[in-house]
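Next, two complexes with chain A in common: one pairs it with chain B, the other with chain C.
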Partner chain A sequence: MRGVRSTLVWLAAIVAASALAFWLGGYATDVYRKMLIWVALALSYNFLFGIVGQVAFSHFAFAGVGAYGVVILAHKLGMPFGAALVLALALCALLAFIVALPSTRLEGFYLALATLAFSQLVIVVISEGGDLTGGTGGIANYRLPSVFGYAIRGPWYTVLLVLLVAFTLWTLRRLDYSAFGRACRAIRDNAVAAAAMGVDVRRVKVQAFTLTSTLAGLAGIAYAYIDNVINPPVFGLENIFLLLFMVIVGGSGSHVGAIVGAVFLYLAPFVLEPIVGHGFLLVFGVLVVLTILFRPSGLAGLLNRRTARGTT
Partner chain B sequence: MSDNPLIAVGGLTKHFGGLTAVEDLGLDLFPGEILALIGPNGAGKTTTFNLIAGVFAPSAGSIMFGGARIDGLPVHRIASLGLMRTFQHNMPFAGMSLTDNILVGCHTRCDSRPLDILLGRRRVRDQEAAARRRAAELISFLGLQDRIDDHVSTLSFGEGRLLELARALAGQPRVILLDEPAAGLTQPEMARLGAAIRDIAARGIAVLLIEHDMHFLFPLAHRIVVLNFGRKIAEGEPDGIARDPEVIEAYLGEAVGGMAARQGHA
Partner chain C sequence: MEDLLELVVSATASGCIYALVALAYLLILRPTSVINFAVGEWAATGAFIGVAILTPLIWPRLEGPYWLALLAVPAILGVLGWLVEALTVRPLIRRGASVTSSILALLGVLIIFREGLTLLFGADPLPSPPPLGFKRVAFGPFAGGSQQFLIIGVTFVLFAGAWLFFERTIWGRAFEAVALNRRAAALMGINLRLVTTLAFVSGGMVAGLAGLLMSPLTSAHYMMGLPIAIQGFTALVIGGVGRVEGALLGGLVLAFVEQFGARYLPIPSGLTLGFPFVLLILFLFLRPSGLISPREAR
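Right after this comes the complex of A and B.
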């Protein structure tokens, strides 16, 4: 019964989020699509930061590896799209594994430092990649090829992005509510005790980092076909802090929190910018500090309290 | 008790720089036995625990577990062989519920490979169901039913001690190391803990514990090993230990020694 009910909830949510795509106009569609990408990225970043407790700054770099990977392979080198997609994801997984292997061995901020360096390296490579990466101007003038004669265009591409978010959420939730997820949370809370319970701390950290970074790569690939343009600044360090804010304000460690945080902070500037201009960044900063000080469970914590009170 | 020791420690030595924390220590631990390590502060008890559990590699000597050498193996490998421990200070997973804390203890009994989990393999589901049953059993065994889905931050100190024990038992260990399990407990909690430890040993699990409370320990332990400055100064049944002049001088003191001896007879 519970299985049937949860399947229905998933279906209803996917249908509702997809239906929106057919109703929105051109500009709103663009906003909606980018919001979906932010939600997908916030979900996987939340798993790494909020559930495994790993501070990494490479999430957008891996999105960039995915985006540039697929576009270069499919459109510059003329590889079949399916092969380019798989290869771009494999590249993300391989690079994530290589970055995680030495840095998770060390305690504390080494992962942060290693991922910071990796992010800068990715930006340098795609900015200086000459004709292959298009330099600072990036790559444009490519289109998502038809797969088996079907061209996914217009609102149907938005539906694909909804499915990307659904797939990301499903994957991460399934991992979370398992021995793997419990091991991740145990490492976050007390790595010494986790090891004493038989958790191979290093292995789990490497697995989690590789998995979440590959999901970031997948979101990057989906991003590449929204405007059919990719360029270096999107994958730089500025966005990673907004992603971190989304996860913290939404409620670190909570899947619902990651979604709510991403939607809230992505849409907030559209409301705030006409009023306070670029001052909205200051508003974000204050919001993050207030969350950390007064409500570490974030917006998700507020929602939980509401529902808990409702049931009693 | 069977003839073969489950844990056999021989010539165990650990130096930290110029300091010798444990020197040439030998001890055997049999299935179903409650063996206590006692001695003054700094005698090397917790270091011995950490050596057996794999936190440190010994400077010399060997540690056998079920006939295979485990010294030098990482902590998680030793745990997965069936050796679990509790800590001197409560170390709960503070962001998780009581049940989830205990389920982490089942880690070695569950397939935690991400791919198997995502594919929803039958083995994963069966092991998860078994782990949840075991966690529920342990919760009622230790009398924590009322706290089942509570956040561990709301547990009392004594309940936290019991959680440490439940988490260590969840992995169905063959050996359990308890580092001062009774420290800070009230009398009723201590009685509950003592009964639980007897019950654990009766199931054939080997129990090695460090304890400072001799009133708690003497009626409970089958055998006692006394350490002083990293060396074993005595070993035997509680009665004999309580009367050993060297032990009395080094650790127990006259009054406690006499009291413990009387309690041992009772």
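Right after this comes the complex of A and C.
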């Protein structure tokens, strides 16, 4: 009975989020689509940061690898789109695995520094890639090809993004409620105790890092066809700070928190900018500090008192 | 040859700036285990305060003397460091939150400082006048801008001071003791709270001076903080997080690799921007203790 009900809830949410796509105008559609990308990225980042407790700064770099990978393979090298998609994802997974192997050995915040260096290197490489990556100007003038004669355009592309978010959330929830998810939370709370209970800490960390980074790559691929433009700054450090802030303010470790945090911080500038101009980032900084100081469970903790007690 | 010697001077000066930022990290990291990324923004703040004092930016027709900037920057940054510690790190330590919480809160502080600077001083770079003018100076075969020699001189004085502090004073010993074992140090009667506060105050002062010193070469710009924060940290990892000498050595190594690599290696100049990151990755993975190993407990 519960299974049926939760399936219905999922369907209703997907239909509602998709229906919105047919009702929104041009500018609002653009805002809505990018918000969905942020939500997808925040969900996977939250798994790595909030549930496994690993602070990594490479999430956007992997989104960049996915986006650049698919565009270069499909549009510069002329591969069939399906093959380009699979190959770009495989590249993300492989690269994430290679980065994770040595990085997850690093203690505490040193993982953040190694991944920060990696993501800056990715930016340097794509900025200097010449014709292949379009240098600092990026790549433009390509569009999503039709697959089996179907061209996904207009609101249907937004529906695809809704499905991407749903798929990300579904995958991460499944993992969270499995033995793997419990191992992840055990590592976050006390890695030594987790190891003593028989959790292979390194292995779980590498798996979680590879999986969440590949999901970031998938979101990056979806992003590449929103404006049909990609350029280096999008995948740089500025956005990873914002993503981290979204997860912290939303409530790290909570899927609902990641969604709420992403929606809240993504939409806040539209309200704040007319009032305080560019100062909205200052407001975000204050918000993050206040959240860490006074409400570590974030907005999700405000919404649900029970989760507030569950995660500290 | 002249070209080479000039490059040596320029690399040494840049290395000294990295070393000062690395020292600011180290002063905070050693006793508290907190990596404070906001030191880059503190350096930027120092640069902007310097410009505000030295040029008629805030008070028209009033150009303050350099000694005033040299005193005011560390004083103001010391107070700001104390405020940051008192408002963010101290409550978190008191609550027993993890070190990561403090580090993440300081990332919020980083954004607050950077956006605060943008609101106060605008987004355009502000040139900062070099105190000794634009003339070239030569010491034997070594020639360079006067500011470069000023940077080198001040840095060596500051490092000598820091070295004496850690090696010769009781307070330096207390810092070291807290770094080696917080709990044991507290049991020995060392005031942990005071050491933490002093760590942030001194870190702020050193970072501010680094920003003031570098500003004539780079101008004061609101985006200057993050790159210098990354370079300073890379310098610290190269040299080793345990010792004052490590910060200086790491800064010099990083700057020499950057500048000599950019000049003599046959690769596109854009790719040389990646050098610090390659060095950071190599050292984190292959030699996490850095070039100079930390002293063992005695």
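We adopt the following convention: the second predicted complex is superposed on the first by the 305 of 312 C-alpha atoms of A that agree within 3 Å, B and C clash if a C-alpha of one lies under 4 Å from a C-alpha of the other, contacts with A are read in each partner's own complex, and residues count from 1 in each chain.
Note that in this section contacts are C-beta pairs under 8 Å (C-beta built on N, C-alpha and C of every residue); 3 or more make two chains touch, one makes a residue touch a chain.
All of these numbers come straight from a predicted model, not from anything done at the bench.
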Chain B or chain C, by number of chain A residues touched: C
Which of chain B and chain C A:Leu211 touches, first, second, both or neither: first
Partner chain in contact with A:Leu244 - chain B first, chain C second, else both or neither: second
Which of chain B and chain C A:Val9 touches, first, second, both or neither: neither
Touching partner for A:Ala19 - first (chain B), second (chain C), both, neither: neither
Of chain A, residues touching chain B in the complex: 171, 174-175, 178-180, 182-183, 185-186, 188-190, 192-201, 204, 207, 211, 253
Partner chain A, residues of chain B touching it in the complex: 53, 74-76, 79-80, 84-85, 87, 91-96, 100, 103-108, 110-114, 117-118, 120, 124, 127-128, 131, 167-168, 171
Interfacial residue positions of chain C with respect to chain A in the complex: 35, 87-88, 91-92, 97, 99-101, 103-105, 107-112, 114-116, 118-119, 226, 230, 233-234, 237, 268, 270-271, 273-274, 276-278, 280-281, 284-285, 288
Chain C-touching residues of chain A, taken from the complex the two chains share: 53, 55, 102, 106, 108-110, 113-114, 116-118, 120-121, 124-125, 127-128, 237, 241, 244-245, 248, 278-279, 281-282, 284-289, 292-293, 296
